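This report concerns only the one structure given below.
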Amino acid sequence: MPVPDRSAISASDTVVELTGVWKRYRQKQRSAQLREVVRTMLRPTVRTIEALRGIDLQVQRGEIVAYAGPNGAGKSTTVKLLSGLLAPDAGSVRVFGLDPVRDRVRYVRRIGVVFGQRTELWWDHSIAASYEWKRVVWDVPRDRYERMLGFVKELLGLDEFFHTTARELSLGQKMRADLGMALLHEPEILFLDEPTLGLDVLAKRQMLQFVKDLNRERQVTVMVTSHDMSDLEQLAGRIVMIHHGNIAFDGDFDQLRRAFSDRRRLLIETAEATAPRLAGADLLHSAAGRHEYVFDASEVKIAALLEQAAAQAQVLDVETHRADIDDVIADIYLRWQHDGKAQALATDAQSSQAQPAAPPAPTDA
Amino acid sequence: MANGLARALLRILQLWRLYGAMDVIWIARDAKTFITWYITDIVVNGAAVTATLLLAERFSGIGPWAKSQVLFLLGYAVLASGLLDPFCNYNVKYVSRRLGRGQLDHTLIQPQPIWMALLTEGFSPLSGTAALLPGLVLLVWATHALHLSVTPAWIAALLLNLLASAIIILAFSYLWGSLAFWAPRSAEEISSSALRTLDQLKSFPLDGLGLGLLGGLLTVLPVGFVAWYPCRALLGIEQSAYQLFTTPIAAAIISAAAILAFRGGLKQYARTGSQRYLSFGHRR
Amino acid sequence: MATMLAPLRRYTKTAAMAATSYVGDSPLFLADYLLRLVRVLVLLSIWRTILTGRGTVSGMTLGAVLTYTLIGEAFAEQLSVRTELGNALWEGSVATRFLQPMSMVGQFASDMIGRWCFGLCAFSLPLLLLSRLLDVSPQPASPAAGGWFILSLILGTSVGLALEFIFASLAVALEQPIWFIDYVRRAVTTLLSGALVPFALLPEGIGVVFTWLPFASTASAPLRIYTGTGDAVRLLLVQVGWSILLWALARWLWQVSREKLVGFGG
């Protein structure tokens, strides 16, 4: 398959297009009671989960998109739909204009997929043997393969364990080898599902840098899911947040901060050991005269806080910075949880009076 | 069309070469593995036929089958299974394990049709051939003891029936194994249960079974076609020469059913995916 | 009293969890029982074909052989002991088992017994009830034989469990995949345990040799006691002897492989 001439392609062309995509799962519920065992076998209780509820999403060529959400939000489902492993119950999924399920064989030559919890390596073979297997099965021309092999070996530091069997590698080494393997056929788009799972700080940093270099040098479009928000913030220019199967946010990280809250950290050093009490700010920790607070800058001004601090103690030093993205996301998830509970209570109240309208039934894809 | 077929054949040969090389690398990784594997394979294949052999020895045959005829049956049975083993390693034969453990995704992300992946991924020409020699030895020994007239036509019939029996075993595994698309947890081991039953019963002559049970063993659970029925035809126990084609016809029917079931399962899988994932047995 | 019962509760809870692990899921796992039923029907027919008109063969009548086969299938899980130890080693989750406040043998044994419960209710009992329809007597040779059978079954389970731990330790020591060792063991024990073919029907001498092997203590001994075709006292003593010897070996192998065990698999 010829390498696409990326210089001739408009930088703004859309490579991923999800339109009105629905996906539902059915889960059998099991009782913990022995006396319920026969009933659950003959007439199981089934729970329907709407993993995706009519989502629309577009990704442009060359973007790095972070795809985030709490557990069970629908992230992995989206990646599986985009990888051609699942078909939507309704709506359409198109990548490069292809249907990932119907055009699977043609399609998977152009994508790379890395699942954090699954390896594509051959367990009892060396990385070299697994890579050679990849070359043959994906029919990668020898010269392209050698070029990409050199590239991934250098950037991912694979040389030291290239001839070691996969079984004997550490998790970080396996992940790096998996990432290298996903790239050998020069995919145009890379789907990374939890790629930094279980990696140490250095391994994570190396992997993230590699993905950024890949995107910059080869215009590879990247969609990455992760729970590690600081990783995503380093990597991606755009974040799409999914919640209960809906897209709750689509923008950059600064917009995310502003949209949900403008959380900041304030570090005050005082001559006194006791931390000043600041209205509008929560004390995180205090030790040896250094006190750290968190506050919402959209609701209270730093100047007002400093005024309060100065009134209570001798302020020696002040430091302020944006709240960690993990804090921002945790706040968002917490808010969603509360909203979800409130909605559930409201629904209960309503249903006791009248039947709520059912969501539209998805048509077959 | 001819072009496409030629390309597909070339591709299959190319993949067999790849997997063959990987098999050699794996089994020859150290002397201990190499020796252990072959000794134990001989032991396993020996154990599989010993019970029936000893019974035939003790009772000078089993039912209407003379000792040498039982030997022929055993050789045929071992060879029919043995023909599959070099092509069906890595749970290709026990497909319900792949499906039940959510490992089909690994096949789906490969840029080739699923049938091609399954036809080639399990190719193990070195580690999977241990049953061929004992099977061949038993068959040749029995043929000599029975003074069979070994003509080219007879050999052709033998090969056709052996291939058909091997296909029946595989198709049977896929027919039952496809249930794992709908019930991945419960049906994960259904292929191995089904094939174990086939293995345990394949080397017994089935004369003397009631019509109902025999009918079942020639249809729903085709144990009868693994060795007993084709051997009756090859040994001339059946009067009609057309019986030589019954096993191949059965192979075609069971294969068609298996393909239908598997394709139906794939459609189901595209809708539901797999909520389970276990890496055991995947490329191990 | 509560302190004495606490260990028992742990094991019974483990057994209960194992017993219900398949239930609530699709009933397709019952297909295995269907296949076992077919197997026993075929074996019964084969014995009738071979033995009709031959009278008593090495002390076994056709009736005794049929009962032997029926009981052998009804109690197949008990006569061919399998635990989750193999899977745990393969998954690499044996290490977490050491973190549970139960003995390793106790854990795996209670899990195994739990799994038996469902099979005994769903397959063994119906098969025994249907036996008259199959024209096979499910009754032991005598009430005493029935009683000794239960003791023999317990001893056979003990021998089988010891073999489980021995083979697992060997897999670790030889650094071979556990599925490979299990594959060999399964093939060999089918013949050597006497579960499939009673030793009395094998050529003279061969059956006698097999009788003295440890595998015979797992299946052949209880079945011979049940059908009254073996000296119960002698068979029980052999089982006790193998039980003591094999548990000593299993214990030693386990201790020797302990460190390797923890990191095996996964």
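Lettered A, B and C in written order, each chain numbered from 1.
Just so it is clear, contacts are C-beta pairs under 8 Å (C-beta built on N, C-alpha and C of every residue); 3 or more make two chains touch, one makes a residue touch a chain.
Model, not experiment: these values are computed from the prediction.
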Core chain by centroid distance, with centroids computed from Cα atoms only: B
Longest centre-to-centre distance from chain C, chain (CA-based): A
Of A-B and B-C, pair with higher C-beta contact tally: B-C
Whole-Å gap between the CA centroids of chain A and chain C: 49
Whole-Å gap between the CA centroids of chain B and chain C: 27
Chain A-chain B separation of Cα centroids, rounded to whole Å: 44
Multi-chain contact residues (two or more partners), chain A: none
Junction residues of chain C - those touching two or more other chains: 25, 27
Contacts with two or more other chains, residues of chain B listed in rising order: 284
Residue ranges of chain A in contact with chain B within the complex: 25-27, 80, 83-87, 89, 101, 104-106, 108-109, 113, 117-125, 129, 132-133, 136-139
Chain A contact footprint on chain B (complex, rising order): 14-15, 18, 22, 25-26, 29, 105-106, 108-113, 270-273, 275, 277, 279, 282-284
In the complex with chain C, residue positions of chain B that touch it: 32-33, 36-37, 40, 43-44, 47-48, 50-51, 54-55, 57-59, 62-63, 176, 179, 182-183, 185-187, 189-190, 193-194, 196-197, 200-201, 204-210, 213, 216-217, 221, 223, 278, 280-281, 284
Chain C residues touching chain B - in the complex, by the definition given at the top: 22, 25-29, 31-32, 35-36, 38-39, 41-43, 45-46, 48-50, 54, 90-91, 174-177, 179-180, 183-184, 187-188, 190-191, 196-197, 201-203, 206
